[in-house]
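In the two assemblies presented below, chain A is common to both, partnered first by chain B and then by chain C.
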Partner chain A sequence: MSSLSQDVDAVADGIVARADQRFTDLRNDNFRRIDRMFFWLLLGQWLFGILIAVTVSPRAWDGTEWHVHQHVYAAIFLGLGVAGLPMTLTWLYPGRPLTRHVAAASQVLFSALLIHLTGGRIETHFHVFGSLAFIAFYRDWRPLITASVIVAADHFLRGWFWPESVYGVASPEWWRFIEHAMWVVFIDAFLVLSCAFGVRDFRAMAEQTAQVEALAEHAIRGARPA
Partner chain B sequence: MNASEDKGFHHAVVKLDGNETLLSKAQYEAMPLKDRVKLILSGDVKFFDVLDRVLPSSQALIKSGKR
Partner chain C sequence: MKALPKLVVVIAAIAWFTAIVFGGGALLRYSATGGRSSPTPAAWPVTSKLPRDARTTMVMFAHPFCACTQASLAELDRLLTKTRGTATVVFLEPLNVDESWRDSRLIERARGMQGVTVVFDDAGHEASLFGAETSGHVVVYDAGGALRYSGGITQARGHEGWSAGQESLASILGGSASDSSKSPIYGCALTGSQEPEFADKGK
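On to the complex of A and B.
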């Protein structure tokens, strides 16, 4: 191998290594950006849950006596329990895989909480799809799986033990959780695909920059006196 | 700007082992990055639009990439 081709080889190795690093940086920057968005989203949802509970069912009556409805306590304390850990992780450890999974799990648990607070209204179930779409902003399919498993498990367990809380009726068909889970699988198929496209875009950006870098290097070499 | 320019290059001619080879955009982009970088560094690649006109490499590459 001539010294010229060895030189080209070495320069190419450097450019490819920088492209790999650029790809990693693009992905990590995106993970951190979405983690920060989740911090504010979780905070907003916690406050929204309290607002819903206070607006819809602030008091429970027992004759002429009243006390604060358990939904208000659920919204405040259960909501804080669901949002507390992911908000801490997204603030202190943004960009880490564990942070993404906890944020994804928390996001769909908020869907569960809101469904409960609204008495199992079917319309509130749409929050699940919004949550999954938001999780897909990570451009990482794995947190989507975490979230989807939790949605299915939540529907199964609450459907079995407390069906009014999730479906708003006392005796739903035993298989209703499967129907809901299948709709989640349906949207997941597209969201996983969108994650793959997103990663491919990051790779294309990194490679494009590498080739332009090579072009600039080639121009500099051509301009150098022999 | 016409449609062919907007999509970047259409095909490339590369010099591999001393022989010139025509590659479609997809074939060129399927090559490992290191091979593409080496071709550019050694000046062994030319880019063409759909009308077989040579494109400036900077223009061809800025609009390249598997999207």
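On to the complex of A and C.
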């Protein structure tokens, strides 16, 4: 093999290794950035839940006596419970796979809590779909699955024990659970696709960056006086 | 930041999720627990001063500040819109309370509802006649004064949406059912646990 050919192979291997490194850096930077965003989102949702509880149902009454409504305690303590671990993980361990899964789980659990605090308002159910879209910002399809499984499990269990709270009727058809799950699968299909496109964009960006960096280094070496 | 052992983190995540599930379960259980009620008289109480309709008389007993009763009023509003019926909403007015007990958001809302007449229940006298102990309790009597329905019309505490009570009530108002029904009532207690029952109960 000629010296020129060996040089070309070495340069190509260098670019590939550099592209792999840039790709990993880009993905990790994105994971950490979204983790930070989740920290503030979870904090905001916790405070929002408390605001809803103290606005909508601040007190429960027994005749002329009143005490703080259970919803206020739930918003403070259950909300803190839901947000606490993911906020800790996103702050102390950003970028880790478990952090992403816990944040995704927490986000859809917040949907359930907010739906409850708003008295089951149909409008609040849209929080689930907004949450799934936000989780897709990770450009990683796995946390989407975690979140979707929790949504499906919530529907299945409540549909089994308290169907009117989910479906609005006491004796829903057996396939109603599947109907609801299919709408989550519907949005998941597009979000998973967007994650795949996002990863592909990261890869293309990493390869371009690696090539530009290699060319720049080559040009600098060529311009350097012997 | 030094990484914690993976096993510790996974155990913490599982413990966290389990605690959330149990906390959520407790919240759901609270929401699905109905309030108290005494037996509702089978015939319209003769001493009642509440207005009666020539056909069907529907009465809801309410606490002026009960957050859960917002949902009961919303469901009553839907029901009245659907059936074009009328109802009397009886707001509790205990003894020795200030003017705010006649001027709450719930009272304002009830006054704005089509087909609703708002009356105040001095010391809970009317509620005791009808055995109502929980805000949101609805009773329906036919033209002859016979009880047709007694119960709640929401699916949980403060939760709007379909409920078995509302469905049976809609059937009764539509004239397609004849038996009296009973559904859980979700709302605040009309009388406190520490205070005596309504001042003139039993008179």
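Couple of notes before you dig in:
One rule holds in what follows: the second predicted complex is superposed on the first by the 192 of 226 C-alpha atoms of A that agree within 3 Å, B and C clash if a C-alpha of one lies under 4 Å from a C-alpha of the other, contacts with A are read in each partner's own complex, and residues count from 1 in each chain.
Here, a residue touches a chain if its C-beta (ideal position, glycine included) is under 8 Å from a C-beta of that chain, and two chains touch if they have at least 3 such contacts.
This structure is a prediction, so every number in the text was calculated from the model and none was measured.
By the document's definition of touching, neither partner reaches A:F190: not chain B, not chain C. With both complexes superposed, C is the one of chain B and chain C in contact with more chain A residues. Look at A:V212: by the touch rule set out above, it reaches chain B but stays clear of chain C.
By the touch criterion defined above, A:D13 reaches chain B but does not reach chain C.
In the superposition on chain A, contact of A:A112 is made with chain C only, not with chain B. Residue contacts after overlaying the shared chain place A:R200 against chain B, while chain C stays out of touching range. On chain A, the surface touched by chain B in one complex and the surface touched by chain C in the other have no residue in common. Only residues 33-34, 36-38, 40-43, 57-58, 61-62, 64-67 of chain B touch chain A when the two sit together in their complex.
Listing the residues of chain A that touch chain B in their complex gives 5, 8-9, 11-13, 15-16, 19, 200-201, 203-205, 207-208, 210-212, 214-215, 217-218, 221-222. By the touch rule above, chain A contacts chain C in their complex via residues 56-66, 69-71, 74, 77-78, 81-82, 84-85, 92-93, 98, 101-102, 105, 109, 112-113, 116, 119-121, 158, 162, 164-165, 168-170. On the side of chain C, the complex with chain A involves touching residues 1, 3, 9-10, 12-13, 16-17, 19-20, 23-24, 27-28, 30-32, 63, 65-68, 70-71, 92, 94, 97, 135, 155-156, 158-164, 188-195.
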